[in-house]
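What follows is chain A paired twice: with chain B in the first complex and chain C in the second.
Up next is the complex of A and B:
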């Protein structure tokens, strides 16, 4: 290990991990877990629908079911199903993006919004909610400013021609702080009776308002981002060995970095634009994944995706069913995420050293 | 050790200097030449000394900002809330509002120096704002409520109390009587609707239409006055949440589908957008085309203000049961109320804009121009 290079992933780490040795078994278990959680999530909700009706309603997308009440069909097809799909993809996407970023920056404290994407997207959403009342415009603005924020961080970090990860992270912090301040400014000028509540609720994050039309754009982008990171997952291993080692192995570091950052940023920006800022997933889930399968990204990326999807789906199901009012999901993810993370840090020293 | 001594000594000198400064500024506000005063009991039950002749006051609180206009004492207001100052309609009714200072942003955020500079004789405020003013200035504070529940009675009491401070009891009584007459009229028209046949109304605020008022808020009373049922009456939403005004909370889409309201009132977007959204499709209000945009006068109607306490129940009752109000024109009633209560005659176009919610502002801070630009862009 080079001195001053920060923590490095060791592939020949001494501790044996059950999940690594029995990876195929673990993968099946995680897929089954996600399937079970998905079925449960589709079955429960504030609007009680019998399991047979749920199945009939979902099948009615392909095979018309004339006997089914239109209300029940609408509850399942227009409200519950799009929401479950969005939660699964956002949970998986943010976890994968977090795992990729932690590998890229070789730092376990990195989350997908380290380059300012959430702050940027949050600002875009806030300003859109201030000047329009249109959800679609808000989503587009959030996505565009999220991408713009990361582009800005990237541009700032290029002052040394080569994007060193350190300058990139610092630039991300600068851009994030800037956009957070701008968001506060928007909240300050927003009319407290008409517009401020909308902005506050948006920033708290929620899957409450997902509709099928949101998914048309979001699903391809999320799947695309996850797919790219999945395909190049072994190259993240090489990058996480350190820039010089990676270069010595003949990896085009700049190109790989750009691909990873772009894919992770698209995932995060889409997430914020459809459901607001949902924190802690991208930070904590990769650690859980690392406990299960170790630091090898070939195994970690799919494991993180499956764990993240199941976790967020459980949290969102709780958020929408437990009380009559909707619990903001960002509150639950932070309430669970922070102590779990602290526990993992204490207990688990495998994976990163 | 010696270095530490220097640091401590410097800090002490600084502290003394700073203390001197503060006590100086506190003495500076040119409290007017010892005017004749009287002692009143405010609505929090405290004894406050206020001048007999009121020349300069600060009104802190969004909804309370319209009360000086009802009493005809708006000329005495030297400091107000940004929300009132940027009210489009208030600015039309009172061109001099532009020159009034607005040191209060939202509940609890006050620019104290700006307040002192505007030099009021006393401050009329709610508990949070009043506490801050009392702590940081020597200005007397008159509390217009102790714990606000926003009911019609509370609103009437506030107007009556401020009327009493100003010696405008007659104007306040006129307002109170107007409210009583209006609410009695609405109640009498809907009284014979059996509980089982009352329509269910859902307030779907926010661009997502999933923010609402529960059964433990002032909105419950208003909806019941109108002969309606609050879709969200089973839930409790009161209590202060950070950044959001008390009483609002988020409900899940499925919950709204379950409530299946007959009528939906929105404060953002258009009914047409909801009619074409498959998510809302199965709801009765969509099928019967009964989604309405909330009106907005000198202040938003979904807050406990003097204006909305009178007009909001009538508006809801009329959209829900038009057949019971065929002889009543909303436009005429709005005009009449503005004429009697605010002593201002609205034009037909202004009434139209008011009822369609076009006076709702997006931006509360900054200058009025910013406000207008943002409106123009919409």
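Up next is the complex of A and C:
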């Protein structure tokens, strides 16, 4: 065996090393970038708002701002801010979940929905949209079936006694295929004049029906999932060395695997339940993160979170401003994600060379 | 519980992969390793050397018998606790991600850390000491996918040392390595035993047992039928019966008159 061959992710040029100062600088830059993108996103739209008004409006949540026009305040605080918060957390969450899964499954080509969470949640939402127009019911159904799908994959993999990661991934693919077929069945029987379009649009992903009340439940769940993956991030390095190495190093693998899968699944299920299926971000952003900070999950997880948040915020802002009717965000993330991923594969020889 | 100073004691250990399997991989294996002692395990491919080592490392569960670590049964110990006492150097495989050497070595601190913590500066220093001991310091920033096979093996040994174990298990650390790297590894192993570690080394090279002395066990037919000093165990007859090849055991004129074991190419089983 020759060392250096058969690795999936190759370091950029072998020389890139991040000193502590460099890394802190980069982190500050990413935070500033996110802040700028956030302000711009709050400014633009059918109703333009100046940067100062945006900042004043945000501050008015905490301190009264009598000079601010109520319209501007309402546009920013009631309409755009909840949406921006949701986009930031979903972008950060899916990226972090993707990075964690790529480490856990030791495969840079997996995405957060590898265990069937999106397919399951999509099915739940489709069923709900078939019978009701109640958005709350749809969200709950999506969340519950998303979690259920992953639980099912986990249970199937356990039947074979050894819960090796490979069995788990295969079980996830099986469950995903099953729920995708069931979703097609729901679409097939849905009333083609009102129910079917609702299902189709919902599955393509959009943040346009986010309201403050959605955030009450979604924000703590997303923050919780991200927080868990953030604090366990160094352990993902150890787990990514392989199951035997991790065990020999004293890792209680079953327990830690369950924690990581649960956190990532909650993030994905909440994301699908509030904004539909937003693909590619969880696959591509961790690669961008590795180019910036290298493979160490201690640095990668926060970097992926910041990059993912900014990226999805830009995409969502484009989705709601470039045309008169909103473009489903899942279409844009795929249109950008697929070619970017192809480029990254080539540039980093990320495949099997 | 009896009080014993023996770091590692294997008592009547048997292993089979599943309950349905009637054939044991090995059965009724007993031996012990003292402080600072190197126990070399040799034997043909597939006789269960790795399986035995993985049982001792707590990665596989034996179906009968007992493994005592400092007098305590491993079956009743928590994974993290086992990993604080036993360092395991697995057979070489490369990680998926190109972590810098330093990051791989510091993973040895895992059993000493909480699930939600990252290595501290103190952990980093222990890793640096380990890299120093095996002579890796100049490579600490290099991605581990861009170093040689011998260097990677040293990374794994340094990682095991960073666990600060009292027992070290090495599963064929010298296979795939050139002569220079083989000797580097053996030299490192000898130095570690000098520090008081009890070491179990599986190898394909009977000659290595002469090089590092200590005791030798030959694994064959699901047991360790031959066990003792290298001079007692590694003879022309036993090597022929174990590996089915003719070897010549000879004494060097220099080098303290140590013995060497040289395989011969003749397939003539009768000997001469």
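For this structure, a couple of remarks:
Everything that follows uses one rule, which is that the second predicted complex is superposed on the first by the 313 of 353 C-alpha atoms of A that agree within 3 Å, B and C clash if a C-alpha of one lies under 4 Å from a C-alpha of the other, contacts with A are read in each partner's own complex, and residues count from 1 in each chain.
Here, contacts are C-beta pairs under 8 Å (C-beta built on N, C-alpha and C of every residue); 3 or more make two chains touch, one makes a residue touch a chain.
Model, not experiment: these values are computed from the prediction.
In the overlay built on the shared chain, the residue A:325 is in contact with chain B alone; chain C does not reach it. Once the two complexes are laid over each other on the shared chain, residue contacts for A:216 go to neither chain B nor chain C.
By the touch criterion defined above, A:193 reaches chain B but does not reach chain C. By the document's definition of touching, neither partner reaches A:159: not chain B, not chain C. Touch criterion met: A:103 reaches chain C, while chain B stays clear of it. By the document's definition of touching, of the two partners only chain C reaches A:234; chain B does not.
Once chain A of one complex is fitted onto chain A of the other, the partner contacts of A:295 are limited to chain C, with no touch recorded for chain B. Legend: residue contacts after superposition of the two complexes on their common chain; A:138 is shown touching chain B, with no touch to chain C.
Overlap of the chain B and chain C contact sets on chain A: empty, with no shared residue. Within the complex formed with chain A, the chain B residues making contact are 62, 83, 86, 105-107, 205-208, 210-211, 214, 232, 234-235, 237, 242-245, 248-255, 257-258, 260, 267-269, 273, 277-279, 281-282, 299-300, 302-303, 360-366, 370, 374, 377-378. Residues 1-4, 6-11, 14, 17, 103, 106-108, 231-235, 237-238, 240-242, 244-245, 247-252, 256, 259, 294-296, 298 of chain A touch chain C in their complex. The touching residues of chain C, when paired with chain A in their complex, are 54, 57-59, 79-84, 88, 90, 92-100, 103-104, 107-108, 110-111, 115-119, 141-143, 145-149, 151-152, 159, 163, 176.
Within the complex formed with chain B, the residues of chain A that make contact are 45-47, 70-71, 73-75, 78-80, 83, 129-135, 138, 187-198, 200-201, 206, 208-209, 211-213, 320-321, 324-326, 328.
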